[in-house]
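Letters are used for the chains, namely A, B, C, D and E, taken in the order the chains are written, and counting of residues starts over at 1 for each.
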Amino acid sequence: MPVNFMPTPQELFRFAPEMLLTLVATIIMVLEPLSGADGKRKFAVISFLSLAAAIALSVAAAGDPGAAFSSMIVVDGFSTFFRILVMVAGVLTILISTNYLRMEEHESGEYYALVLFSIVGQCIMVSANELIMLFIGLECSSIASYVLAGFLRDDKRNNESALKYFLLGSFATAFLLYGVAWIYGTTGYTNLSEIRRVLLDPNSNQNMVVISAATALMFVGFAFKVSAAPFQMWAPDVYQGAPAPVTAFMSVGPKAAAFAMFLRVLMTAFEPVKDRWEPLLWTSALATMVIGNFAALRQTNIKRLLAYSSIAHAGYIMVALTAHSDIGTAAAMFYLASYTFMNIGAFAVVTYIARKGERHVEIQDLAGLSQRRPVVAAMLTIFLLSLTGIPLTAGFFGKFYIFKAALDANMVWLAVLGMLNSAVAAYYYLRLIVVMYMQAPSDEMEELPAPSVGIQAAMFAAAAATVFLGVFPSVVLDYAGKSASFIR
Amino acid sequence: MNLLDILLIIPAAGFLLTLLLPKDNPALVRNFTLFVSLIAFVLSLGLIGPVQSNPGHMTFETNTQWIEYPSIRYHVGLDGLSLWLVILSTFLTPIVILVSWKYIQNRVKEFYAFLLALLFGVLGVFVALDLFLFFVFWEISLVPMYFLVGIWGHDKRIYAAVKFFLYTMAGSALMLIAIIYLYNKSGTFDMPLMLDMMQKGRLALNGTEGFWLFLAFFFAFAIKVPLFPLHTWLPDAHGEAPTAGSVMLASVLLKLGTYGLVRICLPLFGEAARQNAAWIIGLAITGIIYGALVAMVQPNMKRLVAYSSVSHLGFVVLGVFTFTQVGLDGAVYQMLNHGISTGALFILVGMLYERRHSLEIADYGGVGTSAPWLSTMFVITTLASVGLPLLNNFVGEFLVLQGAAQVNFLYAVFAAIGVILSSVYMLWMVQRTFYGETPSEVKHHVNDLSAREWAVLVPLIVMMVWMGIGSQSFLPAVSAQNAQILELMKKPAAKEVANAR
Amino acid sequence: MPQLPIALPSQVPLSWYLILSVILFVTGAAGFLLRRNIITVFMCIELMLNAVNLTFIAFSHKLKQVDGNVFSFFVMVVAAAEAAVGLAIILTVFKNRSTLEVDEVSSMKL
Amino acid sequence: MDVVLFLLFASVAVGCAINLVLQTHPISSALSLIGVMGSLAVLYLLLGGEFIAAVQLIVYAGAIMVLFVFVIMLLNAGAEKRPTRKVLRTAVALPLLFTLAGVGAWLAATQTPKTDAVKFGAYTAGPAEVGRAIFTSYLLPFEVTSILILIAILGAIVLARKEI
Amino acid sequence: MHQLWLIPALPLAGFLVNGIFGRKLPKAAVNAFAIGSVLLSFLWTVKILLALDPLNAPYVERYFTWIQSGYVNVGFDLGVDRLTAVMLLIVTGIGSLIHIYAIGYMSHEGGYYRFFAYMNLFMFFMLILVLAANYLLLFVGWEGVGLCSYLLIGFYFLKKSASDAGKKAFVVNRIGDFGFSLAMFLIMLNFGSLDFQNVFTKAAANGGGLAPNTITLICLLLLVGAIGKSAQVPLYVWLPDAMEGPTPVSALIHAATMVTAGVYMVARSAPLYNLSPTAMEVVAWVGLITAVMSATIGLTQYDIKKVFAYSTVSQLGYMFLGLGCGAYSAGIFHVMTHAFFKALLFLGAGSVIHALEGEQDLRMMGGLRSKIPVTFSVLLCAAVAIAGVPPFSGFHSKDAILLAAHAHHPWMYWVGVVTAGMTAFYVFRAIFLCFFGTYRGTAHPHESPLVMTLPLGVLALLSLGGGYLDVPHYLAPIFGGAHGEHDEALVVISVAAGVVGIAIAWLFYVVSPGLADGVARLFSWPYRVLYNKYYVDEAYDAVIVHPIRDGSTTVLWRVVDAGLIDGAVNGVGSLARSIGGGLRNMQSGYIRRYAAWVVLGSIVIIAAVSFWGGLR
């Protein structure tokens, strides 16, 4: 039995971004106790740079696609897309975090290290081609997220958020794992391509009942991670309780990675049994949209509102998943990209508005923002319009592609219901705009200081990306379309 | 890069530049936006000649790729149908900018910026030949209007703005689905291409598809028109919007709906349109009479005018769904007429509001004594609105009714009742507002027109007379394009007959 | 060896292991739903993971592959990591609220 | 022999598991869990998982559970207060769980191949086999678990350390 | 080219000048523009008519295409034929006189320039109406005069009753126009043109191949228009109220010109009506009913202008009777003579009112014969003319109509005769109440200035001698010759009826003034009905106006619009919110409950996927 301990340089190169980030995170971890209270800013800079370098490495690695480490991971267009996406989300998160942490007097290198680790986990998730790999990546990402959610350890809401996230997350992971175990048992493989092969093999004589049950168990795990109905309950509580920048990150990075892994599992391994999945996805997508949108109608806390909105958006992406097609995959990828920018942008504003102790997270705290900080208000308006799906913003094209994919797959009714849902959604996004633009600021509002450079940079970058994707969506979509076929 | 493209760019660029202007210099903002809108207007006049020389075809066409997949093209062009609507938009924009000169005193910059953005949106809708592009502009036009109503409106402005937005969103949601569905059927968003495919039999919609697609588009447009019973957003939006908003809403935005009906519903879904014409005409006529009756009893001027719009737009829909040359010409002409005369009515109501700060008719009376010219203008506009001959609305109403009579004489009978009622409510408002003894509040606050207001009103009055007498300056271009549309509606049926043989 | 009232098979069917794992898994889930002490709730998750491991190893035996064993090894590692973080989270919760009642950690709702 | 051993330890495992759920004091629960783990280790052995049985005892029962017990002691967590009667909740939750168990058991019992029987010694995954797998095809996950543990350490530090 | 367009354009110019600059112009300039333009128009008319004489065929000038769409092609065309010529002369001639009169009458009123501007505008539209060479242009004038009528009735806009009356006039006219426009649609549809020449040529050729019912429908709808404009039953209600306007307006618009537009239009459409005996019958009936009904009302009124107003309605009924009997030329003849004497009656009444500083109630007059002799004498001229006393103008035209009626249906003649008697009675009743007996008022009567009496004199001459202008003969080429042979006996009877009416009036109001009241008491119930004008206004209010207004407010606006439609819309909104509230309640905040959802969800999903999917 030839035993090959040594990975080839090529393999290492394909895994280089993760290695770089791990290295940097470890260094930060080590240096953290050695730096003084004022020297924490450098960790942000280091993380920022390392993420930039990792993005560059991912791009470089994409030039030489292929599997690595006994097919544990694959570097293809799809994984590169999501790698870059989660790293960009990380960059934006770091930008909006620095000032927040300083304000909360919790600035420390560990935060950045955790973000980096979480991103490593997500990168592994999106490129994993193996259920084990996928599971470990998922855990890396999740555990780091649990900690981040409870990062301000003296804050009750942080604790609660972390506990809920942790307990429910682990609970759902157990279901996922159980599903994996059964899949392993029935097919004999944990490699996605192998599973596909077995399922396609007409001679394998698989017991469909068990496979279905196993996929259902896995679905529970995935649906939980992407906060799809009926497993979305944790999201509002966790999002509301976690520190604002962390919420921004959680609603984007892990979600995008979870969707990526969901897509890959669905499209690669279980595409042969997609008939089984379809009604399930259909129902879940619809329920997710409905729950997210309708429940958001009654929210007064911006973070919680955005949490419900993110549930609703998960629902839209589920519609794309339901389509089971390259177009659907590409649509989901594009949507996640646009969603990343608009949502982090929105959270950047929330982070800015909230200020110390997150006291200002009620919708009414936005009153008259357009007069107090016109630029910030304009930015938030762009993000909200994009979330609503108004043309010339990324969100519009996202929805457009998704519903186009749904129609391609002949799911006219799902598309119609989805669009009507997005009309409902317009109501609560509008409400924020109403408060910003059409209500006068109340007298007892305290002075809003100018946003920090980081928040400004994040806001502008996100807004620019939102508008750019809204005008020239092909830039991303073409890429997504090309890479969508890789996961089949 | 032809004149039309430049015309589209100007308001967009104006919008962005306005945003860059200093916030604390409203005069600069006003002058700048006025300048921009005047340039747009002057340029748009340059469109007339080329289009009129070839009104049945697209002129100033630009067709370049915007997005590769799915193939979305920046395909714009102008024909006889859209020409006058484009000019109406550019014509009214400087006017509403002038109207708001004094009225808008807070957040001036945003206000004027939104006006330019609105112009951009509506121009885009009128010139887009790609369904997707059409939809994009359709939605873009929604946003500035939302802000105009929501920020600078009256007391219930937020409710009105949100209602307006959600109503339209609900409609456009379905339209988007239909657009995508069409794309999936045909592989293109390009309207002329689609029509061509239909003519050649390469794109055929079966009955059910045609019906649902038609309905999806129709629903979106009917909300915008607004057709009874989808009209309830209109009185609220009109009633609460600032003058400029009401004017643009009534004069231009409502036309998006009727324009869509003519531009998209008729040629693309001729068969379905024909099959559904009966109940749609029923709704249109109901709207005509209903709008008039409800307008009659409104105590608030703006709401009155708003309900009158419901009535007037009913005529347009009626004309469109007669599928006759006469009716269609009348409908399109009526769109323009309504734009001018109802716009002017809103401006005049706004002028009264600026003076007396009330929209309740009961708060007025005897304005004729203290502001004779204002009253004169108001009466002239009212008369135009009730369809007095030699003023603009008459021509449109005459043609629409003639077209209706051609299809079914009873349609004309019932629709003509609306004409009677329109004189009732309009004159009643005039009487209660301008005649009688002058209360002291009115006497002290309501003074006659200023030079700026003259500048606003005279062009409108001139247009009313011109369009009433010289309809030949406008109608031939419209007619030619409408003939094309009717021709397109006929073709598939003819083909079926051919296939049956 | 006394005669058992029911006839036992000479070898244990694989399904028995699987049924056992189902029972353990469900018991863990039941504990999660029924217990109110956060630490106990957490332990129930561990129980569920154990059930998963049992499945892996049973299938590993059936398939004559080492992969199942490896997988359950990784599950253990993950369980350890989770335990470290989870207990830390529980500690912070306890520090702030002085309670381990899971239902009392419910300030955010609706 | 296999059957007896299986039944014995299976019943111990189930009994301990149920005890875990029923006990109100966390310490008792923790000890029950250790019981479950111990008996599972035996079952692993029966299934040929020698390495994993050892790890189960050393790492799981030995380290992780000790950590649990340690925390329980540290927090001085007493027994749960007498739960307020939540008849409805129990009435809903228990049938739910029984259904889940029923469905799962039914699946396991009927939908797996009948011929598969577990023969002791038929297959062994000793340290050698596992080690070979871990350092060849599973090299990457194995390395990544180190990241995972790093994260866990970092997380524990972040959350549990005293104020700087 | 004879520049026909100048005829209406001149008053239009006068309107524009006075309307735009009138406020700043001195009165003399206003007068000069207003009256000058109308006079010039009159002179221009005369010049053209002389140039065109003998005008055996219509003369049409085409200017530009007004509306062109599909088969609809309407030009801005003006034309003259003999019918138009008669109308043109009446309109411009009487118009000029009344304009001159108005200088005196309006001299003390505010808004002087406005008055003349409106009057000129009216002249413009009226001239368009008679000159129009197609129905649509006729409709322009038709609506335009309605507008001017509205503006002029509401001239005293501070008075609510005045603006109410104006609105009423406009709206009722609009109901008529509704019919007219529908008729136009049908004409356009069936004849493919609105051009008089085209339509009539086609109609002459075997009815244009149209079904008789269509022709009848067209004629009846045209009649609806005519009824509205010419104040026939049932749309006459606006005309008495229209007396709220200044008296020259009543004379010009509501007696001499505009209200006869209906007659003109029916006469103009004679080629169509000739094809439809049914429609003709209806026209005759409408005319007769109107004549009788308003004559009876006129018997009891006390407002001098109201009396003349009902008389106008009644006389218009006569004209319609004539038209309906096929005697178009007689109808037009009566239009002319009526224009003379009714204008005179109103202007005379205006002079009386002017003299009494605004008093209009006959009961507050009396014995003015000596105080304003000129006015008295001209009014007397008018009265004998309207009473049908030979040889004055009214006699000739009324006679022609009654003879035609007799030829049509003899009983119609008898009704007409009775009406003629009533007409004579109430006109002279007014004269006697006003000028005989003793003065019952408080003002100090004084004779009107020359500028007012001069036109009165001219009109008096016309009233007396106008009957010798042989209009029926002049119009014979268009409408054919006289109808019904000249029967001396019938003439005598009708004259006798008029004389009897005068005699009774003399008896009641001069000889024994108490007698009238006695009769009124004797027939108190019929008297009350007549005095209250058959309660028609009240009935309209109760049956049409109030139901529509209240129904619109309560049912349509509050219930349908705000309640049902908006309620549904808002209901969807609140439904969504309550759904949202319900879904939100899933979010209890309890971890274990969330876990229960997870478990429940898994069970459902596993069951669904494995059983439903797997066992399929």
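Just so we're on the same page, a contact is a pair of C-beta atoms (placed from the backbone, for glycine too) under 8 Å apart; a residue touches a chain by one contact, two chains touch by 3 or more.
Just so we're clear, the structure is a prediction, and the values are computed from it rather than from any experiment.
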- Message: In terms of touching chains, how many steps apart are chain A and chain D, taking the shortest path?
- Response: 1
- Under the touch definition above, the chains in contact with both chain A and chain C are D, E
- Can you list every chain in contact with both chain B and chain D? A, E
- Query: Counting only C-alpha atoms to place each centre, which chain is farthest from chain D?
  - Reply: E
- Item | Chain ID, smallest distance between chain and overall C-alpha centroids | B
- Query: Where the centre means the average of the CA atoms, what chain is farthest from chain C?
  - Reply: E
- Between chain D and chain C, distance of the C-alpha-averaged centres to the nearest whole Å: 4
- Give, as an integer number of Å, the spacing between the C-alpha centres of chain C and chain B. 67
- Query: Just how far, in Å, is the C-alpha centre of chain E from the one of chain A?
  - Reply: 77
- Item | Length of the line joining the C-alpha centres of chain B and chain E, rounded to whole Å | 36
- Residues of chain E touching at least two other chains: 573, 584, 587, 589, 591, 595-596, 599-600, 602, 606, 610
- Message: Residues touching two or more other chains, restricted to chain C: which are they?
- Response: 18, 25, 28-29, 32-34, 36, 41-42, 58, 62, 67-68, 70, 74, 78, 81-82, 85, 88-90, 92, 102, 105-110
- Item | Touching two or more other chains - residue numbers and ranges from chain B | 166
- Which of the chains are touching one another, listed as pairs? A-B, A-C, A-D, A-E, B-E, C-D, C-E, D-E
- Task: Would you mind writing out the residues of chain E in touch with chain D in their complex?
- Result: 596, 599-600, 602-603, 606-607, 610
- Query: In the complex formed with chain E, which residues of chain C make contact?
  - Reply: 29, 32-34, 36, 41, 102-103, 105-110
- Which bits of chain B are touching chain E when the two form their complex? 163, 166-167, 229, 231-233, 290, 293-294, 296-298, 324-326, 329-330, 366, 368-369, 372, 383, 388-390, 394-395, 398-399, 401-402, 405-406, 409, 412-413, 416-417, 419-420, 423-424, 427-428, 431, 434-437, 469, 471-472, 475-476, 479
- Task: In the complex, go through chain E and note every residue touching chain C.
- Result: 584-585, 587-592, 595-596, 599
- Which part of chain D faces chain A closely enough to touch in the complex? 103, 107, 111-112, 132, 135-141, 144-145, 147-148, 150-152, 154-155, 157-159, 164
